[in-house]
Amino acid sequence: MGLNPYAPKPARIVRIRDETPDTKTFTLSPNCFEGFTPGQFAMLTVYGVGEAPFSICSSPLNKDCLQFSIRRMGRVTRMIHEARVGDEVGVRGPYGRGWPVDRMKGRDILIVGGGIGLAPLRSLVLHLLEGRENYGEIAVCYGARTPSLLMYRDELGEWAGRGVKLYLTVDVGEEGWEGSVGVVTTILGKPELDKADAIVCTCGPPVMIRFVLRRLVELGYSKENIYASLESRMRCGIGKCGHCHFGGKHVCLDGPVFQYREMTSLPKGISPF
Amino acid sequence: MSRAEEELRSIVRKLLERKDVELVLGYEYYGRSVRPCFVSKPEEVERLVWNSDCWFNLATYLRSLRSRRVGIVAKGCDGRSIVELVKENQVDRGSIVVIAVECNGVFKPFKYGSTHVGRRLADYCRRCVTRVSPVADYLVKKGGQAPEDENTVAGDNASDWLSLFRKCLKCMACVKACPLCYCTECSIEGFKPDLVHRLRVPQELFTFHLTRALHMAGRCVECGACESACPVEIPLTRLYHELNEWFRENYGYAPGMSLSEAPPPLVFKEGGED
Amino acid sequence: MSWKPRVIVFTCWCSSSGVDQAGFEGFTYPPNVLTVRVPCSAVINPSLIVKAFEKGADAVLVTACRPSELRRVAPSRVTEARVSLLRRLLRTIGVEEDRLRILWISSNEGSLFSREVSRILGEVERLGPLNIGGSMVEQG
Amino acid sequence: MLFLDEDGFKRLLEQLVSNIRVIAPVETDGYFEFKTIKHGGEASLDYSNTRLPPKRFFLPQREVVFKHDPKTRALHEPMGGLEAVLLGVRPCDASALNIFDSVLLKPPNPDPFYESRRRSITVVSLSCAKPREECFCNVFEAGPIRGSGEDITLTRITGGFLVEARSRRGQSLVEVSASLFEEAGPEHLEEYGELTCRLTREMNSRIEISRERLVRLEATLDEGFFQQAAQRCVECSLCSFTCPVCYCFDTEDYFEKNAYVRTKGWDTCASTLFTRMASGLDPRVSRVDRFCHRFCHKLSRIPMAFNSFGCVGCGRCVSLCPVGVDIREVLKRWG
């Protein structure tokens, strides 16, 4: 009788931070994972309500707690949003394949995020910043619908101070916004990186990923080095329940991070093309 | 090929050639049995058949074809369900051409692993009161040979409904085969998991079946599609028949008999009999 | 401990004050009677009554305003029709139809309520436990 | 290979029934269903196949997988698994267990609930006497004589059964009552050979499939064909509920009797909710996509991910489908 993979481990919410009007970042403690790769996800349980997959957005080097940025969407996320500090939730994971951190050593890195899609990328940025000297240029292109919907606003400046080139854009400007206005593809050309060799990591809504991938190829980034994190409904996270089985690949086992060529073989619908 | 089939095919061919309809819903042979088919070209008309194996109610497809002009082969009960769909504003009578076929009852479909050898007239057909559709643009008379009951065993009269419900797999075949179960947010399919959840088997089968029965009361045209589609053969039509009887006794109303007759809940008047 | 029937009472806003009054005036009714107050008897979805049976109720009682005392007659008539239909359904599937009843209760009829409930409870006790939830659990 | 005569079989059955829970096909209302039997006579072995596959003994339609008491903070992990013998499974249904094994027991996260059930149930298969019209187990080499997931294979021949132990558990069951068995003689083996030939000949479906081509089904989908067939489909999901192989499950969390409970149970890809996310995004929106998925999953996606076909050719979906959707048509076209 093996361990029960369907049973989450209890953890407490120790901090809740409002990111945007409908997104909060929850800090859970203790960190019951022995370690994870940035880009992996975990299943969060609201006891008695349900379970849903969320990207881990804290640094893998943070051994004390786990962080999740959660947007209010369905039944489970609504209940998490109603939770308070001290409440207990269940966590199991880490699941899936994260960003290819091993391939990043010594290369330039382009990170493209849209909206809440920055969550799995934040984990990556924090990971990269811990060993900043091992990598080339790191550029983050991040877009949101409005300035108030930008995630991790307090942290973005800090990243820039630690050697990350930051390019922000919003679809619709607000009063006091002096940055660029337009979708994220409009700023993809700005970072000056070694395009043939740079690793690109992108996450966001499916439509954004579709156009970002197209633009990246146009700009001359190598298809071998483009990665995107996809999403799908899942129930078990371990490749048993069949919900995320698309074209021979399980999003929970072979993803959520897919390489460009893998994505071309996914069936339409889940594939960003 | 029976004369009725010949007549049916010529009507359908005429409809398709004149481009009166884009598509005709009918039945075709498929192995030993019969299955629904969609005919859109005059040369495909030869596929159409009509016999006592055609138990499926083609009106089930009408809602998904709402934007098109469709011809439909309809038995008596199918016609009644078209009437109900029109009354409930689900389909437009003007865009449907009903090819009514006179029906003498259909056989129970042959099910996997059954030990019954003979064909048996479906139980719900024994109760049938409408051999011909109440709405018809064309009429094919003397449809299908009168089915011979090869099995002398009368319809099963098991009355232990609780044990019948317990067999249910909650596969929703009854819901999906029913022409009148069209709610996009079905309360028993799990959209509102507080009432009935799809996973709660067998805990919520009682609520599931009774809720469905209540939703079908006064609407069910007793076409038997649910019962015949059911993999474990729960005689659902018998249950719905009882509720229709209640409507008949109390309001003198039977569903799907005429386009002008409004269902009783709609004509409920304040200060009624009191 | 001997078996006591569990009865769920759906009361409309008006008749619920009748039920309250039963309490104020010291009429007793057994503790195994649970009341659920709803704005109007006509909003009681029959599925909820069915679910109450499945969840372990031995009888369900619907109390509603007397049609003759209502300015609008329809709501109580709707409830009456629904209950009557549901009783037919229960009879068909082999559940005693007397387990579901409708009771006309005005807001000042506490005594009537407690009298009727006790009477019905006695009848249900004679009928014995229903236990649909239990019988739906898989055997074998 | 061993031989067990009719009388020996009866005695073996009585022995088993008195020692262990025996589940065997029992006739009820014109159909056969797997039920726990109290004495050997209840079991009927003259059946074409049971209406529903024995899937529920390994993967119940609903099972509790996790309980958590918030007060005592105790975790209860209910585990099923009563020792039992499942007798008279047809080879196709037994082969389905082999597919379950490759999916649900795949490391690193085997399903412990399935594992304990699989370990505690000894599966005894019985060769088919006569293939039905809708059978196509020969296509996937899942019958009609031998399946691939059973512990003991019984083959009915004149005067008794040929017994083949297929696993260590099967071997030990044979050893316990070794005195009943005798070594199969040449005449038995000869009959076995003839039977194999005859049954394969009698199989109605002669579909030649090539693994390589089928696995590419995903890439070579002919939308036209599927659109036509999907038009007929009413998404009743009967096929996945009666399929011996369909393993997809859903979970539900709720609070009951002072504990948070999680159950898992059968789900179906025909449901519009199957892939819909909370945000409303759905990678598989159209009916055609969902319809394609069922066939792609069985014939191409499961083989790609788990290296075995997701269909055993029992014919239940073919026979029960109210609108005559037939997986054999897909096989004929793409096999």
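Order as written gives the chain letters A, B, C and D; numbering starts at 1 within each chain.
In this section, a residue touches a chain if its C-beta (ideal position, glycine included) is under 8 Å from a C-beta of that chain, and two chains touch if they have at least 3 such contacts.
All values reported here derive from a predicted model rather than from experimental measurement.
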{"item": "Selected interface, B-C versus A-D, where C-beta contact pairs are more numerous", "value": "A-D"}
{"item": "Centroid comparison with subunit D (C-alpha atoms), farthest chain", "value": "C"}
{"item": "Subunit A-subunit B separation of Cα centroids, rounded to whole Å", "value": "50"}
{"item": "Centre distance in Å when subunit A and subunit D are each reduced to the mean of their C-alpha atoms", "value": "39"}
{"item": "Separation of mean Cα positions, subunit C and subunit B [Å, integer]", "value": "35"}
{"item": "Whole-Å separation of chain centres (CA-atom averages), subunit B against subunit D", "value": "32"}
{"item": "Residues within subunit B bordering two or more other chains", "value": "203"}
{"item": "Numbers and ranges of subunit D residues touching at least 2 other chains", "value": "250-252, 264, 267"}
{"item": "Interchain pairs in contact, sorted by label", "value": "A-D, B-C, B-D"}
{"item": "In the complex with subunit D, residue positions of subunit A that touch it", "value": "1-8, 10, 45-52, 73-77, 88, 90, 206, 231-233, 235-236, 238-250, 265, 267-270"}
{"item": "Residue ranges of subunit D in contact with subunit A within the complex", "value": "65-66, 68, 70, 73, 75, 77, 79, 103-104, 106, 109-112, 115-116, 218-219, 247-255, 260-262, 264, 267, 269, 274-279, 281-285, 289, 296-297, 300-301, 304-305"}
{"item": "Footprint of subunit B on subunit D - complex, ascending", "value": "27, 29-32, 47-52, 61-62, 132-134, 228, 231-232, 234-238, 240-242, 250-252, 263-268, 271, 273, 315-316, 319-320, 322-324, 326"}
{"item": "For the subunit B and subunit D complex, residues of the former touching the latter", "value": "30-38, 56, 60-61, 109-116, 156, 158, 169-173, 175-177, 189-191, 193, 197-201, 203, 225, 228-229, 231-233"}
{"item": "Residues of subunit C that touch subunit B when the two form their complex", "value": "46-48, 50-51, 53-54, 67-68, 72-74, 77-78, 81, 84-86, 88-89, 92-94, 132-133, 135-139"}
